[in-house]
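Listed next: structures, encoded as structure tokens.
Two complexes come next, and they have one chain in common, chain A, joined by chain B in the first and chain C in the second.
For the complex of A and B:
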């Protein structure tokens, strides 16, 4: 018998297993001394939680705080405007990943740019850029690279190929960000606001795909220095239920540890080859502006100085706008990305701001919390 | 409405509905059009009338081609109103340089599919436009059908009805998307493109009490259910694990981040059938080769009017929303 795709996920969506974990969690939760708030950092987890109705299975003293881990949602308008301007530039093909083409900047989205005649394309794999560049030798292909640790190696692999094959018409606009820095920012900044919101983050669910690349080691400091347990979890409902159960057990047994639920692919060190590739081409940018969260030190990546000939931000710096842009006044995406508000608390949620006419970034991407709430509803 | 028309306006979902209601309905407003049925019912309820244009890319894909699609699309809209497709028009816009051999191949599949429906093309038009003005070939067909069973309507569904599908869903959308994106995999995935009149006729002949039928084309099964929930002012509650989805389609959905219920179909329809007749309708459908998985997927309630609720096997509930936006892959 050959292995089919469904063999990989069927067991992890099994209703009976989900119910069994719900029972364990509900029993264990009675022993909790105080309620716990778990932040799922990644938008993919938010999506799983809402799609499979997981809050409906949990006791009242366990709550989710939705985190900022959606690369499209955290993209500030300034950088979307960069993409827009580049796409409208003569002879440019702007290539990016999925949902990015829907996010509105101050002039519109990449979709709007495309409707006005810009050549905007999306790819599943950055390596598809090579084919596009080859078919369009007289155009300049700019890859607008987005994503966390998960997608960075693919951008590095593309640059690696471009250099090795001496391809002259592929350039990069880098918007890669990293998870641990924003987690620290959320803990630190929250101490200022925590009284008014009263929703302390007690534990984290770490996204498994990030750790497939970076290993579980990137979260070591959270139990050690911040007294927050972290469980690295997969994206299927059984994974999430099991990870919650592991967190609850840590609390009732007075432990505070880094644990891995997603043992089928995550180990301590991660994918060293991918990490080497990233380190070869990228270095930490001093600051990266996150939508709603502002500048976070060391949270972004940029191309190393020696690769500046491939860096669209340097090559096109004369045409790229620099001014700061304020978010929409009524939009509370900032608070939502900080995990301080839930989407339905926003006055324009579902009225002025919908997936078809998004105002805030959290409504744009299918991984955003607002989109997940809008799409799946709240039937508790 | 946005200032310019985006691709999302043609998705069969929310933006598409907005375009239709704010531009076309606004201008053309009349009682027949406003019923929003798959085909207009005219001439004292005796005739069904519908039109559809076909722009699929690629033109040839596993399971069908644009020619078969152009006949099935219009004939199925007629069949969904309980009508027998009779007379069609066929209008083509061809890009300069298109190969005659390919055109002949397309027309041959149209002829074959007309025979399945017992319909004939009685009027036509041909335009050739300069290179780049259309993508290879666009086809429009318009059809007239004879209503065999009156009173089928998406506006009359009630708690007396059960919701059924005639087969596993999402094959057409999954096939087109994977062909278009050049996703290579070993699978038997092919479009479900088929004429539905024979199935509808069998249901009518068996005396099944049909409340409503709708083929789940763009926007898929979730668009149909949401349209019905709104048109009939009801709540439709669907059991997620009852919806038949093939392994191939769920595999594509897994890779690209789609929901099978939002994928387009060309030979799949949703039925609202009176409770007493639902099991018999399934038996009738199962006599057709592609319908081995015909099944009851849900019921009508008054819990959340105008909404569709999806129930999981572990007891949680969520909305099944009208698809919106362009079909895009998720990024991580």
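For the complex of A and C:
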């Protein structure tokens, strides 16, 4: 048989296969000495897990803890306020991706800025910036770049093109973050609270597309130094079920390893060309403040000093607000992003806070836990 | 926004380093800037993300997974059949 596109869509979503894995997992789970909690780091996995009702297929002693891997959800209000202020600046076109324009900052969202006359645009690809900049030669286009390792090389590729074509009116506000640092933070910070919450992270479901870029090598230290198995999984429900099965087998066979379920796209080294582009233009920032999680050392990226002429944070330093902003006091996004609470535990979940009127960022993006529970919650 | 889509390459324009890909009947353009030169060919399956080809899908590996899944289902069905027979044996008079 030769591969067809249809296979990639249908066979990895096949109901029979999902059921077969559920059966294997249920059998194997009887041999587990203690319950296991698996954190799916990535918001795309959260979405799959909720959409296909995977928690219902699992035995009681295997639970998911939803992780912080949703680029929109972890964006602190301070950064959204930066985007807001920049968009209000004269002659600026602010461009960003995804659901970013709906996330509330302290003055409102980028959507609100647009209603007040700011030129805010949402694009499908960073490369669309080139066309917009060309059509508006007298404006300054600021690309508000967000995302994990998955989207960082695309920002680097845009900057590469801007430099090569000597485009004078594209600038960058960088909000790229990295996965291993936040995984470490979650283990370190949680161990203190483990007993009280009784939901220690025992294993990780490794992100799909971060790993396509970075390779599985970035998780090596977790089985080795943190005693947490990692299985890199694809995004389809069959991928997720197979990866869970692989994790359970590790526990019953007393192994603690890094494995890849998503072999059709992930290898140990990852996409070297993409990594080279990232390393050419970016370096580690000392800190990045994550919404709900606070400052995490080395978890963010910034443009290298030599590219400061493209860095909107440096160019507009004088107008960007610096003060720290607290989240809404009823919003428990922080605990949710840490995997310590589930969305329905929030007192305003589904009432004051819903996708049409989000209070916290977890309700805004379709990859956010609150939004996923709101949409698919009847399955639980 | 992390969702990336499997697609098939139908055209390559070397001058601008772009590919035209087919995603279940929808055609769109994608940059090849993240791929090593000449690595992507027409007919390849690739993963598309925010306008870029992120990587090539390993066809053999995808097929091997699909084969494994079929075997697992077959094995399960076989087990179920065996179980049904065993259960039947326990009630020799059923249906009599």
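Keep in mind that, in the parts below, the second predicted complex is superposed on the first by the 371 of 380 C-alpha atoms of A that agree within 3 Å, B and C clash if a C-alpha of one lies under 4 Å from a C-alpha of the other, contacts with A are read in each partner's own complex, and residues count from 1 in each chain.
Simple rule for what comes next: a residue touches a chain if its C-beta (ideal position, glycine included) is under 8 Å from a C-beta of that chain, and two chains touch if they have at least 3 such contacts.
Note that the structure is a prediction, hence the values are computed from the model and not measured.
Contacts of A:124 after superposition on the shared chain: both chain B and chain C are touched. Shared-chain residue A:159: touches no atom of chain B or chain C. Touch criterion met: A:212 reaches chain C, while chain B stays clear of it. In the overlay built on the shared chain, the residue A:83 is in contact with neither chain B nor chain C.
Contacts of A:72 after superposition: both chain B and chain C are touched.
The partner that reaches more residues of chain A, of the two candidates chain B and chain C, is C.
By the touch criterion defined above, A:263 reaches chain C but does not reach chain B. In the superposed model, A:141 makes contact with neither chain B nor chain C. With both structures placed on the common chain, the touch criterion links A:97 to chain B and to chain C.
By the document's definition of touching, neither partner reaches A:315: not chain B, not chain C.
Shared interface residues of chain A, touching chain B in one complex and chain C in the other, are 5-6, 9, 16, 44, 71-72, 97-99, 124, 147-148, 150-151, 209, 365, 367. Of all residues in chain B, those touching chain A in their complex are 4-8, 14-15, 18, 181, 241, 247, 250-251, 254-257, 304, 307, 309, 312-319, 321, 324-326, 328-332. Listed in rising order, the residues of chain A touching chain B in the complex are 4-6, 9, 15-16, 18-19, 22, 44, 50-54, 56-57, 71-72, 97-102, 111-112, 115-116, 122, 124, 146-148, 150-151, 209, 355-356, 365-367, 374-377, 379. Within the complex formed with chain C, the chain A residues making contact are 1-3, 5-9, 11-12, 14, 16-17, 20-21, 23-24, 42-44, 47, 69-72, 97-99, 124-128, 147-148, 150-151, 153-154, 157, 160-161, 207-209, 212-213, 235, 238, 242, 263-265, 271, 273-274, 277, 365, 367. Here chain C touches chain A in the complex through residues 1-4, 6-8, 22-24, 31, 33-36, 45, 47, 49-52, 54-55, 57-59, 61-63, 65-66, 69, 72-73, 76, going by the rule given at the top.
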